[in-house]
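Okay, got some structures for you below.
Each of the next two complexes has chain A plus one other chain: chain B in the first, chain C in the second.
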Partner chain A sequence: MPKNFALVLAACIVLLVVCVLASLALGSKPLRFQEIMDGLFRSDVDSYSANIVRKRISRTVFSLCCGAALGVSGALMQAVTRNPIADPSILGVNMGASLFVVCGIAFWNISTANQYVWLALAGAALTAVFVFGIGSMGRGGATPIKLVLAGAATSAALGSLVTAIMIPRSYVMDQFRFWQVGSVGSASWGGIGTFVPFLAVGLLVGFLAAPALNALALGDDTATGLGVRTGALRFAAALAGVLLCGATTALAGPIGFIGLLSTHVIRLMIGPDLRFVIPMSAIAGAGILTIADVGGRLIGRPGELEVGVVTAFIGAPILIIVAMRSKVRSL
Partner chain B sequence: MTNNHSTIALIMAGRRQRRGRWILVTSLLAVLACMLCCAMLMLGNTIYPVQDVIRALSGEQLKGVSFAVSTIRLPRMLAGLFAGFAFGIAGYTFQTMLRNPLANPNVIGITSGSSVAAVFCIVILQASGAVISIASVIAGLATVILIYVLSRGRSFSIGRLILVGIGIQAMIDAIISYLMLVSAEQDLPAAIRWLTGSLNGAQMDRLPPLMVTVLICTPIIILLGKQLNLLELGEQAATSLGVATDKTRIALIVASVCMIAIATATTGPIAFVSFLAGPIAKRLVGIGFSNIIPAGLVGINLVLAADLIGQFATPYRFPVGIITGLLGAPYLIFLLVRMNRKGEL
Partner chain C sequence: MKPTHHFQVERIVAGYENRTVIHGVDLVIPSHKISVIIGSNGCGKSTLLKTMARLIKPESGTITLDGKPLGKIPPKQLARVVGLLPQSPIVPEGITVTDLVGRGRFPHQSLFGNWTKKDYAAVAEAMETMRITEFANHNIDELSGGQRQRVWIAMALAQETDILFLDEPTTFLDITYQVEILDLLTDLNRKAGTTIVMVLHDINLSARYADHIVAMHEGKLVAEGAPSEVVTSTIVKDIFGLDCTVIPDPISGSPMVVPKGRYHVHAEYTSR
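On to the complex of A and B.
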């Protein structure tokens, strides 16, 4: 166990609780303490402010789920690709999911969350394979710079397609606009219900794969020598990673940089052991996404700033820092 | 002796041949650009014959023709012409100077830097015209400096510069989203139109800044063309061949960022033109000669052709930025695949 694991775990849980409380209490409409308490504990009160608080409960639960999913997804993708900057948004996976959802809305009249999920998953998986395929061509395998460029190029290509499909169809634009912003504000209990099975499967696979992924971090040869079936492991872990981020993207829209941010913060504190990094990334991701959502609500008053915008702003510096610190050769 | 002579003769012959190719390609590109310009003026809801267009341009008042040609089609054509030229030359300059086709203003976030300043001016300051142009130039230069400082590290590497640029771009895009959120509803269309890259809103009185900048900056870059080509050989080679690398670089960066920023301020960031023009020009002309002018001409052809396609070949009148994006992105992926295969990254 890493030496200050207990301390970090305690700190993360305290922070998480603070985030949850903040998410319930703060928002574009300021509420008094009594109103919040009414909304939380007295189901017989049916005032405007009590309903706001109830809406915030589902929203908070949803953002916790999404954050955990994105944190673990980032950790898994980084472990599978053995690459410090793998993140659904950087790899263009979000944009792949977007394209499929737009096609669904435009050509097959799809409009429910259940149908979005499968389309987004397919788009995310295909894009992940495509980007990783391009990024790992040539000498040295999938280096950070190659992966980032492949992801950026693919994002740009898919982004133009999305716009081209959307511009002539105003009804698609109208429906897609709400999805594309990357927000947890539209959370409903039904949506959370759709999301939870994916989250559970993804997290389970992630936790189970962690010890073997530790071996993989030593290199394919060493891992094989230690009895790991590297191909099957890579496939399972990558699938879990795509499942987590695809499902999140389907329900919340594209939210970037959470995987990068939470994993790097956690690794900085407790070291590289994935048995601890993966679960802690879930907690950190949940906390960061929730606090980013609260921040977005406060900054954007009287409306709100979508959480995807906030996470990009606070997460992108991590990419810059990783780039600054890495040695030239490893780029 | 004779052997030596024949070598020199061979070199001279190769030089002549390459010069011949350069002249041929450049003039073909120029002719094509002229044809596209004419098409831009003639085509539209009503198709006017050449004589009518010429008469309208020379000041004669023809019913219908004068308005359509001089007020709508001419500014559109000129905006595309100058912006395409500026994007092409500036993109080529960056790619050559940094010795990597991926290191162009689009990819490393300079265009985003200019965009955020312009959106800020439109949305928050309610400014227009000159203020937007100046602000986007300053912001573009500031972005370059920021990227350079952050990517310097222990030793300079293009890979790091591109990674840092992509990170900066993500942050700037977040700021743009925030600005769009807080903007008043009446400013939003201007900002959105501006961000997609379109020639639709081109007006005659907004063009002079772009024209002046292009006319000033292009000669500067052409004068530095020899040094630019030497920079492509690498820092050490360029220094030993007598290039003041730092000064040359600064001059080239300032000139090309000015062009990019002003062109962006006029037409919006037309995706991928600055990225495509250089490699295409290089393909056409070959190596050995300065490709600055051909790159500019390719830029013009790309923008005008894409605008014509967007207007007439598609059922929905797509803005030019969408067409160049659809054409450019696959090429970017293709280029990446090729560079990865060769191990150039």
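On to the complex of A and C.
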């Protein structure tokens, strides 16, 4: 077990609870303590403010789920590619998922969460294969810098396609504006219900793959010597990563940088053992996304700022720092 | 003492995508011995080792462990008998010595990677054998090249295999560390009876430390046997294209190759 692990775990859980409380209490409409308590614990009170609080409950649960999914997705993608900057948003994977969903809405009148999910997964998987294929071309294979470039270029191209499809269709634009930037604001219990099975499968595969991914971190040759089927492992872990980020994007739009932020914060504190990094990235991702959402609500008053905008502002500088360091060393 | 195994290579043809490097090699690895594969650059010695360690799938031929083809043995089960230290493994950023050595326990662990008492004991023993216990909580980045290599070998030892393949374990190390590593591997062979197969660059150290030498040239096995039989001026000329004279190593008595270049040659040797 990494040193300080118990301490780090306790601190993360405390911070997570603080994030949850903040997400329930703070928002674009300031509420009094009594109003919050009524909304949380007294189902017989049916006031405007109590309903706001109830809406915040589902929103908070949804942002926790999305954050956990994105955190683990980032950790898995980094482990599979052995590349410290792999993250669904940097690889363009969630923009691919977004494009497929927007196409579905615009051209095939798709409108239920169940249908979004499958479209988003297909988009995510195709984009992942495409970006990794381009990033691996030429000498040296998939180096961090080449993957960033391939991902950024793909992401920009797909993002402009999303815009091109949305602009002439004002009805899509109004309803699904968050597919450009990502938001957890439209969460419903039904959407969460669709999302949870994908989250569960993705997390389970991620946790089970951790010991083998630890071996893979020592290089393909070492991993093979330790009895790992590297091809099968990569396939399973990448699939879980795509599943987690695709399902998130289907319901929340392309939220960036959570995978990068959470894994690097965790690795800094507890080191590179993936048996701990993967679960802790889920906790960190949930906390970071939730607090970013609260920040967006407070900054954007009286409306709100989509959480995807907030995470991009926090994440971009971190990406630059990590990419500069990884010129010298890679995972 | 480790159990005896029969590791046999038959008519192996192997190589990379568009280039066959090994053209039909037959070999039986002597159990409980140190075998060293020697040959010039590009002769296929590393490729042979990689093929035996299952990193490369042979184009034809079979490799068997105790009569069973390697492909028929589940990878984790095989990894409990045959271990490998590749030439350039990757060091994850910020990893500690204990964490790295512990990753050698993978083939012994259950689906969830839970650590048992046996795992802790094996890691402690491997670190003891490689004399790195004092660095247990250090970052790998803080160690010297020789210490790092001892950590990697400890990782392979923690795997507790009966057969251990090492691809050039002494390359890039100072001569002091080369001797230290080879001494430690000999300890392992003598005390635990671990069968060791390695590729080495230095022919004189190979002749001193090997029980069995396998000489390769252009993808074929040219000679094998005890160092005194294989390391002769004729065979050295054949596989390296080098004129030399072979004398007994004053320290060990094993054959020692003294190369003969175009300069600095005494008169008594110029005619030959």
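A few comments on the model shown:
FYI, the second predicted complex is superposed on the first by the 313 of 331 C-alpha atoms of A that agree within 3 Å, B and C clash if a C-alpha of one lies under 4 Å from a C-alpha of the other, contacts with A are read in each partner's own complex, and residues count from 1 in each chain.
Throughout what follows, a contact is a pair of C-beta atoms (placed from the backbone, for glycine too) under 8 Å apart; a residue touches a chain by one contact, two chains touch by 3 or more.
In this text the structure is predicted, and so the values were computed from the model without any measurement.
Applying the stated clash criterion after superposition on chain A shows that chain B and chain C can sit side by side. After overlaying the two complexes on the shared chain, residue contacts for A:Met137 are found with chain B alone; chain C is out of touch. Residue contacts after overlaying the shared chain place A:Pro84 against chain C, while chain B stays out of touching range.
Look at A:Ala316: by the touch rule set out above, it reaches chain B but stays clear of chain C.
By the touch criterion defined above, A:Ala215 lies against chain C but remains apart from chain B after alignment on the C-alpha atoms of chain A. Contacts of A:Phe257 after superposition on the shared chain: chain B is touched, whereas chain C is not. In the superposed pair of complexes, A:Arg229 makes contact with chain C only, with no contact to chain B.
Between chain B and chain C, the shortest distance over C-alpha atoms in the superposed arrangement works out to 17 Å.
On chain A, the surface touched by chain B in one complex and the surface touched by chain C in the other have residues 331 in common.
Residues 102, 107, 150-151, 153-155, 157, 159-160, 162-164, 166-168, 170-171, 173-175, 177-178, 181-182, 196, 271-272, 315-316, 318-319, 322, 325-326, 328-330, 332-333, 336-337, 339-343, 345 of chain B are the ones touching chain A in the complex.
Across the complex, chain A meets chain B through its residues 85, 89-90, 134-135, 137-140, 143-146, 148-150, 152-154, 156-161, 163-164, 167-168, 256-257, 299-300, 303, 305-306, 309-310, 312-313, 315-320, 322-324, 326, 328, 331.
By the touch rule above, chain A contacts chain C in their complex via residues 2-3, 82, 84, 207-208, 210-212, 214-215, 217-219, 221-222, 224-229, 267, 271-273, 275, 329, 331. On the side of chain C, the complex with chain A involves touching residues 50, 53-55, 74-80, 82-96, 99-100, 103-104, 106-107, 109, 111-113, 137, 155-156, 159, 165.
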